Amino acid sequence: MSRGGSYAADHRVRAIEWLPWVAAIAAFFLLPDYLPLGARVLTYILFALSLDLILGYAGIITLGHSAFFGLGAYVAGILSARFGVADPMVQLAASALAGALLGISTGAVILRTQGLTQLMLTLAVGALCLEIANRATSITGGADGLSGVTVAPILGQFRFDLFGKTAYLWCLAVLFAGWFLARRLIYSPFGVALTGTRENSARMHAIGAPVYWRQVIVYTFSAAMAGVAGALLTQTSQFVGLNVLGFEPSGELLVMLILGGVGRIYGAFVGPLVFLVAQDFLSKQFPEYWYFGIGLLLVIVVLFAHGGLLGIGDALLARRRR
Amino acid sequence: MEALLSSAASVAFHGAAYGMVLYVISVGLSVTMGLMGFANLAHGVFAMAGGYVLTTALSRFGVPFPLALLLAFGVVGAASIVLERFLYSRLYTAGELPQVLFTIGLVFMAVAAARLVFGSLQQPVPLPDYLTGQVSVLGRDFPAYRVFVIAFSAGIIAALWFGVERTLWGAMVRATVDNRAMAQSIGIDTRRLFMLTFALGSGLAGLGGALGADIIAIEPTYPFEHLAYFLIVVSVGGLGSLRGPFVAALLIGVGDTACKYWLPQFGAFFVYAATIALLLWRPAGLFGRRA
Amino acid sequence: MSMTAALETRGLSKSFGALTVAANIDFVLETGARHALIGPNGAGKTTFVNMLTGRLPPSKGQVLLGGEDITRLRQAARVKRGLGRTFQINTLFGGMTVLDNIALGVAERLGVAARMWRPANAHDDVRAEALALLATIGLEDDAGRRVVDLPYGKQRLVEIAIALGLRPKVLLLDEPAAGVPSLESERILEVLARLPGEIAILIIEHDMDLVVRLAQRVTVLVQGEVLCEGTPEQIVGDRRVQQAFLGERHG
């Protein structure tokens, strides 16, 4: 069940779509102690949104999306810790560019393949990035991670304070920009064509659509977005570790997105929010049970609730209407 | 020169042992993916489980080594039947994404469970006395256990290849991998065939994990860390093929050992890079059936 | 009558190793033709169509569209030059609405499908054309319904409509009434009969009733080779054709 892109869909932002932003701003004032967690949630929402573009809309299954996230995180960190470039906008731009470059170069080759081979290649690229980060100790800090990351005040004015206020608003602003662009893309003819590719790729070829190039374009865009999300993480935690790369974060992101609902923009909002908040409360008390629980949740969602939380919400609403 | 030859022999030997273990673990995955087209990313869990069965049987219950190996095969194989009947079989027609997600969920659960029950540390492998120490082969000394691993794996592989080539079961597997619809129409019960083959493949994975516990350490993050290599063996070797993954496993085993020995600062970089290059050149793998 | 055929093949062949599925097919489809291709199961009809559309590369021979050699061209390029097809098994965008199914093709043809900024629903030209097309086949009331929710017969109509949205010069219809209950297939026949005269149509069919009603010329394909060609009456009366179809029941 897809939302958005259609030649008959009203693209204007519906009232209810302002809800997440209102809630986010309310949280800023009402939950000052949770702003660091909040910034993390916002970062992962951006990351999940980037994945939803290729998974939910274009139908490309990937196990290596963390490669772009991690690359963005390290680029921002390295710029700051090794080259003293601390301006947050420059860091974001650099991470976006790095993500896009990696995205287009790997996407151009990976998207020529299908099935297991394609899946395998996404995994291999992700593993490759992790291995490089692990070994290039002088640049990345290796297993110890990269510390000494500093972020200059935004636009020279807004300093990153200890309470995480600036960080939170900064993430919110960047997420808003990302959401706006992604939404625009989804509602455009290109976005409808992407949905068509996911629904029936053979048919898209048969109507003369250049499927491969469109997939490369969205893959590149998604990679840039993931890179920006990675940079945000570095900026808000002022540290980069190996845990931003590899199969685990890719797997966790998949869980977040599936939990919220794939192929509908706000699944990428709900999923990370529920996941990270639950993780914050539960995993401190029972770390192993938490991990077991999300595995179990994923199995249950796949077997019984394909549409994720939003899908369940839809079903409940439909039942109430009768 | 002498030193180079010596280290080359050492790398080849240890690489072969590693490669054989990789093959025994991964061959089940190749066959079941070729047979049913099911993307089982949780295959590493079976290998890990076999390793835990072995180490627990040896350390806590003092079970003799041969019996412990047999247990690893049997317990994991039996458990996999239960999983297959109740969970996996619901997703055969579900499509790639649900299958991938489901198996990732299983991996998460297994990793957490392993940590809870066994703790985070690597399991020690108390080998029996007759398999420790060194053995002299062609004038050089090699670790006895590794020699055993190579020999025993070769035996398993020979039995497997014989079984697939000569038995009725093997013929049915080959037919179904080739053309499932046709196989069903000539009366092959593909459901039962898959259940048996899945059990065999998972049991082999358990056996491989147990056998290779000395080489691939048994710890909770096992399914994550080694998933890439198992999948590389299968995709580079070619789905549904027996010979292909063997070649691939040896290449990876020797390649990885060589790189880690001579170019440690690059680690597994070349293995991944080579995999990417190879898959781009031959998307169906070295011996793959579907172009 | 134009000198250049709408679609032509010269010596078109396809082999998979020792197995030949198509042997030296010389075929001509005239402009505005209503031509049928028939043959027993396994005669190679779908293989032939796949070679025409570019889904399958031939082992030998040429395909010409309006006199232009398109043998090397990929599917998408052939579509752009006016070669459309429908599939024997519905190949539709199941989760999307009927309108979107058509609009996707129209947007590709109009060259607006790659636009990333302006919203899709602001493209009135695309939507209007899609709705108009739906009206000609009588599905305008179903425009907002999802394709998976439609009965099979209507889905077959959508299949045809998508191809029409591309304004093809040549239209290949692969068993358009296949699997449709006879009540609904009447509707499909009407739509086919009313197709614009400029389009050259090739129908792959099993149903002889449909062939007799729609086709002016019939080509018979048996085991990858052209057995004979003629009007429907000539074909039905031909001994060799009857033998080739021995055991097969017509319509």
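Going in written order, the chains are labelled A, B and C, and every chain counts its residues from 1.
Note that a residue touches a chain if its C-beta (ideal position, glycine included) is under 8 Å from a C-beta of that chain, and two chains touch if they have at least 3 such contacts.
Since this is a predicted model, take the numbers as computed values, not measurements.
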Labels of chains that are neighbours to chain A and to chain B: none
Per-chain Cα centre nearest the global Cα centre, belonging to chain: A
Chain at maximum distance from chain A, centres defined as averaged CA atoms: C
Centre-of-Cα separation between chain B and chain A, whole angstrom: 33
Whole-Å gap separating chain B and chain C, where each centre is the average of the chain's CA atoms: 48
Distance from the mean Cα position of chain C to that of chain A, given in whole angstrom: 42
Chain A - residues contacting chain C, complex: 1-2, 5-11, 184-185, 187-193, 195-196, 199-200, 202-210, 214
Chain B residues within the chain A interface of the complex: 33, 39, 41, 87, 90-91, 94, 96-98, 100-102, 104-113, 115-116, 224, 227-228, 231-232, 234-235, 239, 265-269, 272-273, 275-276, 279-280, 283-285
Chain A-touching residues of chain C, taken from the complex the two chains share: 53, 75-77, 79-80, 85, 87, 91-97, 99-100, 103-105, 107-109, 112-123, 126-127, 130, 143-144, 162, 165-166
List of chain A residues in touch with chain B within their complex: 55, 61, 63, 109, 112-117, 119-121, 123-125, 127-128, 131-132, 134-135, 246-248, 251, 254-255, 258, 288-292, 294-299, 301-303, 306
